[in-house]
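The same chain A turns up in both complexes below, where it pairs with chain B and then with chain C.
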Partner chain A sequence: MNASPTPEVPAFQRSRQARESEITLDHITDDFDGNPAAMQYFYDLFRRVFIQGEALPHEGKLIGTTCIQAPDELIYAVGATPVRLCNGSYHYDQIGADFMPAKSCALVKATLGMLHSATRIPKTARPDLIVNPTTCDQKKKSSAMIEGMGYAVYDLEMPNVKESEEARLYWQRSVRQFAHKLREVTGKKLTRQNLKKAIAKTSRAQAAFRQLHNFRKSSPAVILGKDVFLITNAFFFDDIDRWSDAVEKLNAELTQRQAEGFKAAQRKAPRILFTGSPPVFPNLKLPVLIEEAGGVVVADETCSANRMLYDMTAVDEWLVNDMVDSLADKYLKPCTCPIFARNDDRKRRLLDLVASFEADGVVYQALAGCQVYEMEQKSIAEALNAQGIPMLYVETDYSPDDQGQLSTRIEAFLESIKTRKRKAAA
Partner chain B sequence: MNYFAGLDIGSTAIKVALVDEGGRLAGVHVTESGSLFHKNAKEALRMLLERHGVDREQVKYLIATGYGRKLFKEADDSISEITANAIGAHEAGRAFGGVRTIINIGGQDSKAIQLDDQGNVANFAMNDKCAAGTGRFLDVAARNLNIDLEELGDYHFNGKGAPLTINSTCTVFAESEIIGLLANGHGKEEIVAGIHYSIAKRTVRLAKRVGIEDRVYFDGGPALNKGLVAAIQDELQRELVVPEHPQTTTAFGAAILARNEFFAESD
Partner chain C sequence: MRSIRDAVNQVHFNRFRFWFQLAAFVLFVYGGYLAIDLGSRLPFFSCGYNQEGRAGVCYLLPLQHQLGRPWPMLFTAAGLSILTGLGIFVLWFIFLNKGWCGFVCPLGTLQDWLTALRRGLGIRYAKYSHGQFKQMTKVKYVLLALTLLIPLGIGGGLWSHDLSPPFCLICPARMILPAFTGDFSQFTIDFSSKTAVVMTALGMMVTALFVVGSFVKKRFFCFICPMSALHYLFSKLALFRLKKDGDKCTRCGDCYRVCDLEIKEIADEVGKRDIMTDDCTLCLKCVASCPEEGALKATFAGITIFESTEAGFVRRMNKGHQP
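The block that comes next holds the complex of A and B.
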């Protein structure tokens, strides 16, 4: 007879994707002292979901999203549950390579690989609908592939520019169409009442995030960026109310920390603003390396954290149709995704974040094959350098094999920031 | 007399440099990293000290750098090889009238570093996780051609025809391209020159990313290869400054830093 797995360690926990998640989590929890007590909720959540393979519950229909441009408010309003499918696993990236050219973006490949896999992690029910906003070419082309796997896919049409009135009207129509589609899938109509309730739900989460975000202005830091990325990654799949509870609890702890003068990093630790392709669990390689090397990520401009949660929804229109239009505006206007033809907002946002979070430098991550981020790198570097802000551009992917090289570059970047500051002080 | 040491534990070679209290270079030693690089690093240090009649106790401060820097616990501190290289080149570059750009080709990576007028790192770029255009590339190519690494320079200048074009930037693909060129009856000399130009193009592109300012300092093991130096100068359209010991600039920088740290701490 073959040896069967011992009861203490179920087979899943020895799988490649569980191992990968475990390594990331161990780094996040064990390589740092003084993790906030309230972070335990998130550490446990990731262990249960990604390492033990715990199934995630949901209410009503399950709507998968592949981008933050799909409005969660509309999904909650019709009694459904959103789950963000963007994936950060190297294991799924390799499976996804069967669908996409080898040089494509790891995030798109991993998402395809995860959807294709019979053992999807996070383990959710099969989504009743997958909403795929038509952003970059790789995401656009994945719609048909996901459909080919037997899922129902909805292309949420996005304009290529965001400043023009035509783009605004086009996007408003798209969002209205999406609301119709949700009605078709769930059988529930969007009303002023249920939309207001849904907006209250997401607003509470956004308010909690914004408070957390503002704590990161303190110097010395009271919370590390690796924890914030873990929290925002939990927002992809966690129950939104439980998530808000946990973040509020953490905020209370951070208030106390601030009062006590707690230091999550050294006083002189270089303060880093993180931008570019989103860190998606378990690929938190770069933020973790920055903080292991003695830096602290004090803010970010990515769609897996700040861009996803920062902008509050304030909708005070009377009619449900107007509410939807105003919601659409909230999604288009502040979006700093490089898929748009022109994206000067992103430069302004970065400069603004550098100033308000007193960042000493910017780390720009481009996942190899993520062309739009690769292309914007140069203009962003120029805009930052013109203001005397150094930027480190890192092209990487989900494989763990470049960690040695990356840590050298990160350390050198942090050392050069320290020298620069010493010089400025002298 | 007190001494200060810098130990550069690279992917291919371990380099040790010793400086005296005045920051003058007292000696260098280079050995292969091998698989037991911790043991080899200790041995390299021991040999250097022995050769110069210095006791371990006289070495007051030791800074490790390179890929193995974190694992060498005998060091007082560690620093990234980019910063160490900058310090070393700035110091060694004084003899040439000062340097502002560094091109470094190592065993498994290549870097370009721009220095400000005080020798601090202003900007740098590194090749992205791939051995193309590094020392490893030369190693593989020399093996394919069945010649010694040290002979590459001579072959470069002895060609009768123009350098051949090596299109593949990937070490693995370039290997089959070289074999193909040999099979077609091309001379080793023209192939070697082609390889050098292929590396030079890549390196110059990297240097352009950080911005090139005079003078340009070229270091790392491959800087010993005169053919490669000529090819890079040609692509760069500038003269390169190549130090006497190009392999040990980074170790020298770490030693200089060790000396400065020692005096800063004892103040």
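The block that comes next holds the complex of A and C.
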């Protein structure tokens, strides 16, 4: 008769894997003062999903995506639910190492590791289909491996160049093909109504994101970058309408904060633009380190945040064919992913972000083995330096081992920015 | 001031343009009944064959007549009237630039209505490759050259007067616009001479092509319109302009997406400020569908009157939201 009053902590919660997420989340919530009240939704969400291992419900078929290029709207339209599978966990990175050569990208390895594991965190049902856009080589080659694990995989064909009309038409055809595949999987057809509604769903999320994004222009900052990365990471798996509600609530709070002259960071805090390989929870190491060191991440150019949500769809004729082609255009034309042959748009985007967010410097994260980002580093640094914008290039991975060394480098970078600013002011 | 500006930038643009075009159509097709006459140097197809209803005459009609005078006359005071005519045409033109095409031209408006009809029926548009259109847009310059040279040949006695005015004889406006006032007399083939038979038959064919073409392809006729070519020669002088700030452009292609004339430069060109090309009709749909603040704008004499905004974009593209 020894009824224990303390509930037993479930096994997963005691695992090293959950601990990894808990450490990141604790840093995000506890190391900073004045977290917005509306952020509690996201803190709780991550705690439930990544630490308590709570299962995520979904409607209709579950469609896994390995890249932001897979059009969510088509998935929602046929009554299915998309979930982005890109993973940020060191635990899964180590498991995934069995599939890829040693010097491969941690994100790809972690995604493979997660799919290979019996317990997948975030804990979703087994995807009915995994859409793998043919982007970088490592992701391309993952298709067969994921299939080998028993999943149904669909290669969404992407062109290597995006500027030409040929590439555009090729991609439009490719997206239409994907719509057919979805019909095969779900048994549902795209209609004017369901597609229009699906576009409205993501447009609402995008409008909310853009509003949040615009708040980051204010100086001093009203919100920190670590929170924004957490929010956009939630978009990977959260119910899209609940996500939009939560972001809209946060925006309302930020409006108030702005009016009250609230400071989320010091007035003199160096303003940082974050670019490169995407920070995916729990690997928010670098943005968190920047802000712990007294900087503030005011904008980003990564596919786990800005690039995923910023560009919106314009439709001229709300007929199925025009909506699908419009979506295709939206996913291809503004994309600044380094897998494309040219990176002029990425340079232009970065320079514009620096100017409009008054960034003092750029931090460029390359996950070791993520060749395309590694290769673009030089040209991006040159473009930025030509405008007098300093850039810190950081090559890292998911292991926690380099934290000390990274924080030293970040502190030095932020210090040099402060010195520059002092000199400029004098 | 700021709130007026916001109201303009967030306007439901397509709706505004629809009503503007309708008003312009009524004015230029039926204005004659109210004794409105804006002269015969108008830079759009206010067709002179619509004798009762027209509120002014398309410049191409008098221009071809003037050029068709006997050659010796071209070098007298009558020749001077060609220059003054051109001057008045240019004055009209620079006011709205190609906006005459996108907002006023009755033939342009008719094409938009045919498009709306197709859309209403749920029929998709025809797709052609970009290359095919790049070829087709050159036709307008050929047509313009013929529109100017054939009358000169007629004046010189090289060809029959039955060929005059050459462009009007094949222009779809000659048959279609009078029909709006109940005058179907142009829907005939003139058997008085071989030339007349050929020209009126050709006119019939072009009219049929116009109706079918603009039903399946947005603004089909504008690609080959010689008036559009004539416009472009003077567009540098215009007061009404389309400007682009390339630094703010993400090349998302939203503008290209909605462009009736599929002008790729509008999305891809980031170096030029003056972005209007020869195919452009200045319909400003691109400005209305650009989500970047101030990336695209319409200016009049240097003053911005309508520009792209995020809020405007969100409002306009908000079609599928449940109330």
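By our rule, the second predicted complex is superposed on the first by the 418 of 426 C-alpha atoms of A that agree within 3 Å, B and C clash if a C-alpha of one lies under 4 Å from a C-alpha of the other, contacts with A are read in each partner's own complex, and residues count from 1 in each chain.
Please note the rule applied: a residue touches a chain if its C-beta (ideal position, glycine included) is under 8 Å from a C-beta of that chain, and two chains touch if they have at least 3 such contacts.
Since the model is a prediction, treat every value here as computed from it, not as a measurement.
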Touched partner set for A:Ala412, first chain B, second chain C, both or neither: first
First, second, both or neither for A:Lys196, with chain B first and chain C second: second
Touched partner set for A:Ala207, first chain B, second chain C, both or neither: second
Touched partner set for A:Asp345, first chain B, second chain C, both or neither: second
Touched partner set for A:Lys421, first chain B, second chain C, both or neither: neither
Which superposed partner A:Glu317 touches (first chain B, second chain C, both, neither): second
Contacts of A:Pro390 with chain B and chain C, given as first, second, both or neither: first
Partner touching more residues of chain A, whether chain B or chain C: C
Chain B versus chain C as contact partner of A:Arg16, first or second or both or neither: neither
In the complex, chain A residues that touch chain B: 368, 390, 395-396, 401-402, 404-405, 408-409, 411-413, 415-416, 419-420, 423
Footprint of chain A on chain B - complex, ascending: 67, 79-83, 109, 118, 120-124, 126, 128-129
Residue ranges of chain C in contact with chain A within the complex: 119, 122, 124-125, 129-131, 247-258, 264, 267-268, 270, 285, 289-291, 310, 313-314, 317-322
Complex interface listing, chain A residues touching chain C: 163, 165, 169, 192-193, 196-201, 203-204, 207, 210, 214, 310-319, 321-322, 325-326, 329-330, 332-334, 345, 348-349, 351-352, 355
